[in-house]
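In the two complexes below, chain A is the common chain; its partner is chain B in one and chain C in the other.
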Partner chain A sequence: MKTHRNTKARFVFLLPAAVWVLTFTIFPLVYSLYLSVHKVETKMNVSREKVPMLDASGNPVLDAKGNPRTKIKINREKISTWTNIGFTNFKRLAEDPQVHSAIKVTSIFVLVAVPSQLVLGILLALLFNQRLWARSFLRAVMLLPIFATPLAVGYLFFTIFYEEGGPLGFLGVPFLSHPDWALFSVILVDIWQWTPFCFLVFLAALQGIPNELMEAAKMESKSKWGLFANIIFPMLTPTIVIVLLLRLAEAIKLFDIPFALTGGGPGVATQSMSFLAFRTGLRYFDLGYASAMSYCLLIIVMIIVTLFFRKLRQSYA
Partner chain B sequence: MKPKQNQHPLKYSIYSLIAVVAAMIFFFPIYWAFSTSLRNPLDTFTVSGFGIPFLNFEPTLTNWVDQLATEEARKAVYNSTVIAVFASILALALGIPAAYALARFRFKTISNKDLTIWFLSQRVLPPVATVVPFYLIMQFLNLLDTQLALILINATFVLPFVVVIVRQTFLDLPIELEEAAFMDGARNYGAFLRVALPLAAPAIAATGLIMFAFTWNEFLFAITLSSKEVITIPIHMAGAVDTRGVQFWFMAVRAMIAMIPPVLIALLAQRYIVQGLTLGAVKG
Partner chain C sequence: MVGAFWYGDIVPNGYAFPIDDFMTTGEYPQWSYDSMPQSLKTLHTWEGVGYGVLNDGDGQVLYYRRDALANPEWRADFKKEYGYSMPVPPKTWQQMLDISNYFNGKNWDSNDPDPDSGTVLHLKVGEQGHYHFQSLSASFAITPGPELDQHHNVYWFDPTNMKPLINSPGHVAALEFLQELHKTGPSAQVGWSLGEAWDYFLRGKSVFVFSWGDVGSLCQDTSRSKIQGVCASSILPSSDTYYDHKDKKFVKTTNPVKVGNTTGGSWHGVISNYSANPEATYSLLSLMAIKPASIWLAQNGWTGVDPGFTYQFLEPQGEAGLGEYLDAGWSEADVKDYLKAYYETFFADTFLPYLRIPGSFEYWDILDKNLSATMSGEISPKQALDNTAKTWEQITDRLGRDQQLGYYQSAIGYK
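And now, the complex of A and B:
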């Protein structure tokens, strides 16, 4: 395939997608950066004016005295003023208690949910790597949450955590009404949704370990734990790192579940960074400040993602 | 590593029992929504036991019938379907040729590897970072509250799946087949259209399904860019919380409607999920 494959045709194949991605990601990101150093104020100018009433054929309607009748027309005009305020938005971020709370909520969420998903995923993968009753059926059931609509999952658990009469009501736990429990509930739901994904990936990785290697290892190490610690775990490490980074990058964007389950509450107990940025920008229309907020989130994600892609690059080699 | 064939019966029973319990935990919430959706609203919180239809309560289809009879519900299903189908088609149309280029041609200025990673990198981009600019852009283009806006944006966000899965599929195809086509006088486009594309069809179909599921589930952009006309299923669901409080029975129906298609897709496209969701880092 040497001769044909250096033709200009390769650009015909690649360019549409490349141009598309450039337009739809780079442009909004640059725009967002520009927004973040501005204060955007939107005012609605309402004015009234008298206009003559017209009938169906466009002629003015006359009143009894023969004067044209008028009606009042209301003109609404949206006026946005953009003021360059430099890094004021970023300074405001550093002092905003809402932002501090959102960072705390997101950090606790990520630091509890992601490791739990990984550990549970590995344990379940080890379990399902044994001979089991109805193994493939049970495995299929475990996969149901993977693509379940996150927002629907949030509402689903709202009915399950409902404190008066829900199926877990007998526990007497204030799942949604106590700030700490509410965050815990959000974490539980995320664990429910994402553990199956970790499980599936680890199971694939486990099944990729060659049988000969396992047999040889069994000869050498006596205990099961020794087998896991010396052979299985090191073989799984690259996959664990990949899943960890991927889950970190995803979990930090937490939005749908608290939106449905708690509405960010009680108070701001489950208001994540994405949720706060969304509210600031699209509920209070403080567009510049919201952009500054989401840019900070973007930078954090980029740090994680750079690590991830370094690993990914190796795995492509 | 394959499961062992000879295993102690006691171990087998204990492990199987743990696996059954684990599967039940993951199944329970979905089952609960299903059960709630079949209950008379009055029974919602008074059922005993595990809320098993016929055993613990008399099931009724009223909630389903009432919900599906509303215009908003049908509109939501229609909008979600149209947006998911067209976003997937658009992403496939853009992504398949790019995946082919990355698998079969050599780029010099930027290496194929870096180009691939660049395509994948938007998958991990936080959507909230682009939601405000997209809102302003769509407002400027007069595209707020249209299906087109959501199709365009969703296509962008699912494009990486095509690049990951289809590129790998092309790489795994024996190149001799395309070389044979060249011997027969085909050009690049002929080899792509007549040889590579049909062979990659199963992977392409699976990718299409995964993209459909992701677009179907998307909420942040939908709630930002739509207000009353283009209500998607997740937005419709968020609307079930109204001033009268949460109507659990309708919520359960809506949650089931939302979840059935993507959950089925997860079962159908299993093989490609690992590869797609780990962006190709782990082969399924």
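And now, the complex of A and C:
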């Protein structure tokens, strides 16, 4: 009897999480997969009829001559046609120059931004792990970018990079009007926003290394590089893999910053995969193709995540 | 509020509510499609049925600095350098480029000590850059003629088969020209949307901008503008050379035709078929369409509403009195130029056809991205327009060529 009650209680406690996952993860996944192999066309059949106009109490409203007023009621019948088109949308991905460009932009962004954030994060963590003037204050300031909304950050940097009279205008750098510089600007803003996150996690990991171990290591090795390479870095490796994984998964979904900063341009120079999927789905209303793009992105992320988890398990072993 | 280019997506699919019956009841504020030029009326109706309520008239005209172009010293110097008198306003794009080149880099405006520009453009991708190209390229790429047929007065597609015309030699020449014009303005404008470009002109930093009616009314807003009284306007120049689609060759002309346009969205209210109270919606929209509201909206730049209706044009072409604008704080010289420019633009005999078919936004967005890539130097004009044409073919095939052809023919009046 007790066992039965425990089973029921477990079920009740698990139910919200299960509903959450089913509603917000499984259903969208299945629905978008279904969308990606269909062409969806939506039309509305409309008829109109005149009905009596009623006041709040349900009585007929009369016009100046005392006749009942009428209003138009619109009867709608929404007709959605779902045509199975197989893998046509996935084939389009292979032939679409916009997709190729978006993959290139996303790859460059990920390969430059994420390692930069990690390296800078480690360097800052090493710096802040020592005695430092006003360390607490500086650490708090360092963390501020994390709390800003990426969209707002994009607009903020739009004013900073403004080439005619902006605060960096004197440099004469075409931050937003040259394709290469525009991508560099997007990367720079992302590094500015997310390096503090890496720094924070690495600092916590550094502070978790036992003092005894560090003291003993210092006696063994007089070179700071040796200390870092032989003791600190191996100890940090699991954390680095986790941070790398989190940042990779986030960076591949790049959207907010180019949306606000460059609009994906000039041309398609900063149009990421997520941005392209957004425009395809919610501007062209080509939902099937946008779903196929999103699935493509999901598969790439899944492969990376799987590889990194494998690496993580190995590093723990 | 919808842009006229939405019609191909919303009307055939049953999302828009027809308003002709409301207009005849006499129960609502009275306005009429007859208050619009035919060019704008077309954008508010679909297959003869009215859907849109008058609000905003979009079209691009040329704005120029009256003081700079009238200055005798600059004029003499220009004549010495270019061998002809500076025409005011320029009649051809080629003359405008010369003038723009001449003024670019000189400190001809006394508002600051820095060098000023020739022409400012709004070229940011995903914004309004492609509209610049549409308006400018019309007189390069349209073969003028008395009727609209397969080769004359067409711009977007061949009306017999939906093959794109966007990469025709005329369009390519226009894009090459736009690149040259871009060099006479700040290079940062590749990343500029409307606000930045307009602000640049209003601060007295460029001789020319070609854009919507907002600029003319914002010129009068002295909290933003340093150029009230010297903000002149005219219908857009034309190219002295156009492409003949029939004979497949360029034609040089000494008397280029003026090409009108309704470039933009002409944003206006359309009642959704999801409306629970279409009567109340129409009542509000029509209230905003009658003269007192409509003229006030057009007189104030921040509203985003631009002129285009008979009661906004000055007498004798329209019904508005000059005093109405002067009382609203307008400069007399500016408003006369401004409304004449819009009248000529909307009533021109040769016209840039408006793209109103399903997927219009997608067609334009593809064009926009390729234009932006060209203006930033990534790809050549020919490559950009070839890429555009190729993608347009794919869009047309995906949406259904026959359906698209039917809507296109109907939209441009091809018989």
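The definition used in the following text is that the second predicted complex is superposed on the first by the 259 of 317 C-alpha atoms of A that agree within 3 Å, B and C clash if a C-alpha of one lies under 4 Å from a C-alpha of the other, contacts with A are read in each partner's own complex, and residues count from 1 in each chain.
The rule is short, and it goes like this: a contact is a pair of C-beta atoms (placed from the backbone, for glycine too) under 8 Å apart; a residue touches a chain by one contact, two chains touch by 3 or more.
Here the structure is a predicted model, which means the values were calculated and not measured.
Using the contact criterion defined above for the overlaid structures, shared-chain residue A:164 touches chain B and also reaches chain C. Once the two complexes are overlaid on the shared chain, A:258 sits clear of chain B and of chain C alike. Residue contacts after overlaying the shared chain place A:121 against neither chain B nor chain C.
Put chain B and chain C next to each other and count what each touches on chain A; the higher total goes to B. Residue contacts after overlaying the shared chain place A:250 against chain B, while chain C stays out of touching range. Counting contacts by the rule stated earlier, residues 162, 164 of chain A appear in both its interface with chain B and its interface with chain C. Across the complex, chain A is touched by residues 9, 12-15, 17, 124-127, 186-191, 193, 196, 200, 273-275, 277-279, 359, 361-362, 365, 369-370, 372-379, 387 of chain C. Residue ranges of chain B in contact with chain A, taken from their complex: 1-5, 7, 11-12, 15-16, 18-20, 22-23, 25-27, 29-30, 32-33, 36, 44-46, 50-51, 94-95, 97-98, 100-102, 104-107, 113, 115-122, 124-137, 152-153, 155-156, 159, 163, 175, 178-179, 182, 187-189, 192, 213, 216-217, 219-220, 224, 233-234, 237-238, 240, 246, 248, 251-252, 254-255, 258-259, 262-263, 265-267, 270, 273-274, 277-284. For chain A in complex with chain C, the residues that touch the partner chain are 42-46, 71-72, 74, 76, 97-98, 162-164, 174, 176-179, 182, 262-269, 271, 279, 283-286. Touching chain B in their complex are the following residues of chain A: 1, 4-7, 9-10, 12-14, 16-18, 20-21, 24-25, 27-29, 31-32, 35, 124, 127-135, 138, 140-153, 155-160, 162, 164-167, 192, 195-197, 200-201, 204-211, 214, 239, 242-243, 246, 249-250, 252-253, 255-256, 259-260, 273-274, 277-278, 281-282, 287, 290-291, 294-295, 297-298, 301, 305, 308-309, 311-313, 315-317.
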